[in-house]
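Heads up, the next two complexes both have chain A, just with different partners, chain B and then chain C.
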Partner chain A sequence: MNGAPAPSPATGVVHRITADDLPAVVAGHALLSSGGGGIDGLTLSVAELLRRHGPVELVPLDALPPETHCAAVGLAGGFAPLLELPPGGDESVLAVRALEERTGNRLGAVVALNSAGPNALFPIAAAASLGLPLVDCDGMGRILPLINMTTYALGGLSATPLAAVSQTGETAVLDCSTARSDRLLRGIVEASGGAMLCALYPTTVGRLRGVAIEGATSRVMRVGELLTGENRHAGLLAGLARTVGARVLASGQVTALDLPTPSAGARHFPSVPTSIVVSDPSGDGPVVRLEAQNEILLALIDGAVTAAVPDVLCLLDRQRLQPVSLENVALADHVDVLVVPAAPMWHTPQGLAMAGPRAFGFPVRHPAEEVSR
Partner chain B sequence: MSAQRVTGQLTVAQLIRFGPLGSARCYSEAHLERLVTGVTLVSDLDEARQCEPKTAMVVHPVAAHGVWALEAALRCAWERNAACVVAPDSVMVRASTTQLAERLRLPLLTVADPARIALDMAVAIADTEAARARLISRCAVLFGERFSLRGIVGVINAEVPGVIAALVTKDGHLLAGRAAADTFPPDGPNAPGEDAATGGASAFAEDAAEEHRLAVAVPSADGRAWATLVARVSAPGPSWTETVETILRLARAPLASAGAGSRLSLAHQGSRDRLLMETLLGEGPTVQGRRLLPSPRAGASHGAESAVGAEELARDAGWPIDGRLVAVHLRPLQPDRDLEAASPAITAAWREDLAEAPLVPLANGWATWYTGEDAHPRAVERNVRRRLASSRIPLPLCAGVGTEGEGMAGLRRSLREAELAAGSAGGQGDQRVECYGELGPRAVLAALPVAERAVAARTLLAALLADPKAEVLLRTLTALLDCAGSTGQTATRLGVHRNTVLGRVERIRAKGIDLDSPDQRLALHVACHALLATGEARDSGRPARPR
Partner chain C sequence: MRIGVRLDTCGVYGALLDRGRVLRARSTRALGDHTADRLPGPRGDRDPLPERPHPAAPHSAPHPRDRASPELALLRELLTAAPVSAHRTASTAPAARTKPVTSVTWDISGILESALTAPHGSRYRAQRVAAVRVLPRVPVAPAGGGHHAPIITSLVSRRAVVAGGHDLFGTELVALEAESVSAAVDELLAGGARAVAVTGTGAAACSDHEVAVAAELLRRRPDVRVCLSHEAGGLGLLEREAATVLNAALLEVADRLISQCEEATEALAGSPSCWFVTGDGGRVTGRRLRWSPVTGLAAGIAAALIGAARLARVADAVVALADDRALTIGQVRDGLPHIEADLVGSNGIRTSVPQSVTTRIPVHRTSAAAQLATRSRHTSDVVAALRPEGAELAEALPRHAEGGPRQVRPDADITAVGAAMTEPSAWIDLLVPADTPEGLDRHQAEAEQRALGLVAAYGAHPGSAHLVRSTATAVGYLRIYRLQVRAGSHGGPDTGRPAQGGAAAPEPAAGQARGRSTAGEAQ
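Take a look at the complex of A and B:
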């Protein structure tokens, strides 16, 4: 095993993440995942790890030597199993150790697979358990359903070898092509209870430059601070526009919730499509239709595509000023439809081919493509 | 129809009504009048973006990924000015999609097999002639299945898109259909009915700003002019107008037959009612040896029994003859009118709801009665006045209202009173209604046969009536007699100077009328009233009619 170069954490630390930061992280990751809320058991578990191992240093990519070995950490599968059985806390150590064993490289830093949804917490837990710094970047900037839908893969990094650990400690190491990785992993995830913590995309800090979405974790925290601290509607929208470039696509009431049959292109995704209509109940005004598969993927105003994945689409409750998760959206909710633009590398032709609307079975162009036509 | 003629374009409504979209479910029914010039079958949304304007966008099932895709197609159709969107019915169209279609003012239809419909539509649009022939044949079949005026006109209104049709009489009375069809004056440039005697259809068209009016004269069964079938055609085109005209012509024979049938049935009903009424009133008392109402066909000897039997018959026929009632007698203002011919029209126009007593035709008019708690002469008078003012009554009528009665005996008495009151009302103009209860002793005069009195009076006062100012003189004479010979009171009543009255009296005396003889005064007074009641004085300038 190669000795990992000692990181120089003293320089350029963005923030030391403690248990007190977790509420902001939880609030922020909810917005960037189309409204999926936090899982209390997971939050408590990570808070306990932070108390036990001390704060996690959040460092920018540039602050670490380029040869530092690192790997992404994130949960693959569904988050529902976590509701039944919160993580024990040692899964990330087991996964990283298994990966280190396979690659022969000791990690010098932990990277987030995606800093949105509950997956924003696992890299923090891993960094705390391993005593390593957390690099302030991720590979999605949102939630995407497949582990190979990342800017890492877009930039040519290999997702494998990857190590996956189930909630009962069973460990699997996969060595295959990035394209096949999600397919194979999903079989194992299903057999081991529906969720596995993975250490994947083993690489070096130098190779991450240019392919990672930088500042992802700190962005989640800033959004979370806004959502927990701001109690004026206009102030919140202005703050979100400032920090993440969010804009209000439409406002209105939820007037219909449909469960359409999955379109042909979407059938290979582990999700059930939902269709939400936000409009003026009196019948005037535009009809805003949101097509969702776990996350909101497409927004049509009067039939015209106005926003699409990979940009983040989410609903904000106008009264409670909180993101509305797709599980909790109800008829007659007064909501703002927010769109948070994705990282620029997602808007490249290759990025849109990987995570644009067509990748989800919607034979439409992303608005960015329409503009460039 | 010649093949050379310019074929017009079909509208969405026409494709739905008699084209391949007949089986389609329509979600947004506004703007069905859009013209369809072709069909664009789209199998992905990029093709939808290239849809030709004014074509029907048919969304193939492979392009219908869900409701969102349908909405996206609607949007493309709107951007490309398509005529309508036809989608597969596998897509569940929800309220929000319908709302969007209405918002974009695009007809949205779903069908089971869009690909086949696209082919059929292309054929129909290419050969509009065949599609119109199908419409004509469908209407012809439906005309054959309807037996009422409303049913036949209803076929046109229901089946022919963009056309409002109505059947109106020569005088403009609406017989069937929708009044909106005939908002033009009936005596247009080519008055309907003029050609009916020759059996030819006088179809004519007037170009309004955007609408077109078609009219076809409908003869009665004996070939005389009877009514006009008018139609308003929105979105007219030469071939479409011709199609509608053909359909209107096809409707003429069924309408004539249905019209004759209904008139025959009304006349038949009238005769039966009259017979029953005459039997009911059979044993009623007479005045001056003359029955007030015509005698029953049955002999007088068994009149009482037949009346009892007739009461049963009347109850069976649904006549309300129990409890409180008030009778009404209607009579024409001109007694020489052909009542038999007018009867069906009057009966049909009078009836407002089926629960009330029938209007029974009699020798000199029509009788009916009101029952129930509201049967009070004043209320009845108001009601009768309102009905007489109705535009559906085809000839000028006046009416008399009897006093309240109970049961059959009360009805007989009330009917007699109503007839007397109607006689009194007769001389006083159109739509005049008199109540017997307010008539007082005048009823005695009214009971005298006015026509016969008038004949005698005309002989008696021939010299006066020959005067060019006969009416003025007659009114002055009547007023003078009413005022017991006082020229001052007469002047006040007529609103003229006393000297004028004196001058007229001199003129009257010059005609050989002795105002001072007591034995002549009553007869003279009665004669004056009779002449005024029959309106004779107004006719004085013309030659006397043969009697």
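Take a look at the complex of A and C:
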């Protein structure tokens, strides 16, 4: 096995993540993942790892030598299995060691597959357990349903070989094309209980430059600080606009919900569609229709596409000032519909082809494409 | 007529209602304290305790606990205000007769909540329990498991992990190890466990491993009390474990409290039925609450939301409940509090048991109106004082005529009022695999029928059971749906609300009620 280049002295450390930072990370992940929910078991485990192994150094890409070996860490699978099968705490070490065994390269840093949802926490757990720095970047800037829907793949990095570990401790190593990786992995994930922790996209820090979304983890923490610290509605919206460019598409009540049912189109993704209508019950004002497949993917106002994936769409409960998850959205909820713009590389033709609305089966253009026509 | 009572560590607060209107309210300062600190009567008077019972009050059979039971004393005081109606005797001469009290509904959530953190020596203190988790393998961080909620940690005296568990499809992940079960049971029983909470991975989809652990426990010690997480239902190992631990810890306290309430109720004439409010805004019998006391937590807020909305005569509203330093804001939809599972309660514990969705915001008098305005629009709003100390904050909000919320001032404890207005309900939360829309429809229909059947079995007025909510939410990545079904019921003619398909009893306008009732006045 090749020796890992020593990371440079921690001169460029953005932040030392401790257990005290986790409430902000947990709050922030929800906004960037169409809500999310309680991940207390995961949080408990990560907090224990941070206490046991010490703080994790969050570093920018340029703080590490370009030849440093690194890999992405993230959970593949469903959110519900994570609730039912909380991590035991050693999955990330098992996955990374299995990947190192396969590649022959010892890692010098960990990166996030995507700093949103539970995957905002797993890379922290991995970095803590392995004693490695966490690079402040990710490959999605949000949650997307396939492990190959990343800016890493967009930039030509291979998702494989990858190692996946279930909560039962079962380990699988996949060698296949990036395009086939999600399909093959999904079968194993389902058989293993519904979620597996993966170490994937083995690469070097140098090759990550230009293909990673930088500042992803610190962005989640800033959003979380706002959601946990601001109790004024106007103040929260202003803070989110300032921090992540969030804007309010519309406000109103949830006036209709289509029950999610299986459809042929949805079977292309491990998800099921839902439709949500937000409007003013008095009949005044616009009618906002949201289309979702685990995440909200499309917003139409009075029939016109106003926002779409890969930009993040989410609902903010106007009373609780917290994101509303798709699992918990209910008729008569008072909500703001927010849109958070995706990283610029997602708005390129290649990025929109991979993760734009047409990639999810919606025969529409992203608003950015309309502007450029 | 109905009586609602809030039983708290600070006192007993009762309200007598007739067809949804408050006739009288009474309270005692503390349990065991017979000194009445009464709220104004129907005419705002503060008359002393009557030396003799009201001539029209029903004669209760002497009860051995009379002298020591503030609950019964309070119930009897309430009945002194019972309206008298004329009826004819066999000789056709008119005679006075008190309208019967058909039910007494108790909110004991305040005592249950405080029991969870009560110190040694307290009259009501939750017992410590042992917890068993059925997991595919032993966690390393935290070692052996653990829980994020400090109260749960403090309630669990011993923990054990046994190998086993299922996935969300109900497929066995790891076979249950008999030796592991035996060793865990040995250890827990040797440690003196009297109540054990068993939580299995995937138990909501397959409860076999939980049942097997319970069987082993009971085989060794038939008197040990065992609570299983699949009975609480819902998704999430820690959420179900929290519900199960709380349930086991509260069994003894709830049993004593419920007996106390039942004895007081039974001593009233006319054999009124005895009920207990639950956190979803429904009510259950004492027998059911004894078995599932965790459902009695958070019941007070649910009842208060119901009471405020009903007195304001609105079915859908954002309701703000004021105490001395904060507003607790919740929603009432079709007369019932909006509830969800997996919420973090006021005790800081996230459980799978449904409770009202509320936000508590600390406010000062001066900022209360602005705080409420930023959180609510599109619906009418209702404000009520949750406790007497909250009256000043509630009054600080603008009047309804000025575009502000409707203010409800029932001159009675709003929780006790709401408790009297509750009806039997049921909540089902389960995971089902479904490959086709037809399969999902079939599962959902079965769950709905089960929920309706439960409401009927819990004592709903005949023909009044109905579905309040039925949702099927896709579980991401898997071909599994989470079904959440809520069923409720309408009361009989004593509630002022119709049974399903019936006509609503006429209710006087706010102005008409004034002077002969303490019913809330919407302003």
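In the analysis below, the second predicted complex is superposed on the first by the 364 of 373 C-alpha atoms of A that agree within 3 Å, B and C clash if a C-alpha of one lies under 4 Å from a C-alpha of the other, contacts with A are read in each partner's own complex, and residues count from 1 in each chain.
As a working rule, a contact is a pair of C-beta atoms (placed from the backbone, for glycine too) under 8 Å apart; a residue touches a chain by one contact, two chains touch by 3 or more.
Everything numeric in this text was worked out from a predicted model, so none of it was measured.
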item: Clash or fit, chain B versus chain C on superposed chain A; value: fit
item: Which of chain B and chain C A:256 touches, first, second, both or neither; value: first
item: Which superposed partner A:274 touches (first chain B, second chain C, both, neither); value: second
item: Cα-centre angle that chain B and chain C span when viewed from chain A, reported as a multiple of 10 degrees; value: 60
item: Most chain A residues touched (candidates chain B, chain C); value: C
item: Partner chain in contact with A:291 - chain B first, chain C second, else both or neither; value: first
item: Chain B versus chain C as contact partner of A:167, first or second or both or neither; value: second
item: First (chain B), second (chain C), both or neither touched by A:83; value: second
item: Chain B versus chain C - smallest C-alpha distance in the overlay, whole Å; value: 15
item: Overlap of the chain B and chain C footprints on chain A, listed as residue numbers; value: 260-261
item: Contacting residues of chain A [partner chain C, same complex]; value: 37-38, 40-41, 43-45, 48-49, 52, 77-81, 83-90, 145, 167-169, 186, 189-190, 193-195, 231-234, 252-253, 257, 259-262, 270-272, 274, 280-282, 294, 318-321, 326-328, 330-332, 334
item: Residues of chain C defined as touching chain A within the complex; value: 135-142, 146-149, 165, 167-168, 173-174, 201-202, 204, 235-239, 316, 318, 329, 331, 333, 338, 340, 342, 344, 350, 357, 359, 361, 374-379, 431, 434-437, 440, 469, 471-482
item: Touching residues on chain A, where the partner in the complex is chain B; value: 255-256, 258, 260-261, 263-265, 273, 275, 277, 279, 283, 286-287, 289, 291, 298, 300, 302-305, 361-364
item: Chain A contact footprint on chain B (complex, rising order); value: 44-46, 63, 65-69, 71-76, 78, 92, 94-97, 99-100, 103-104
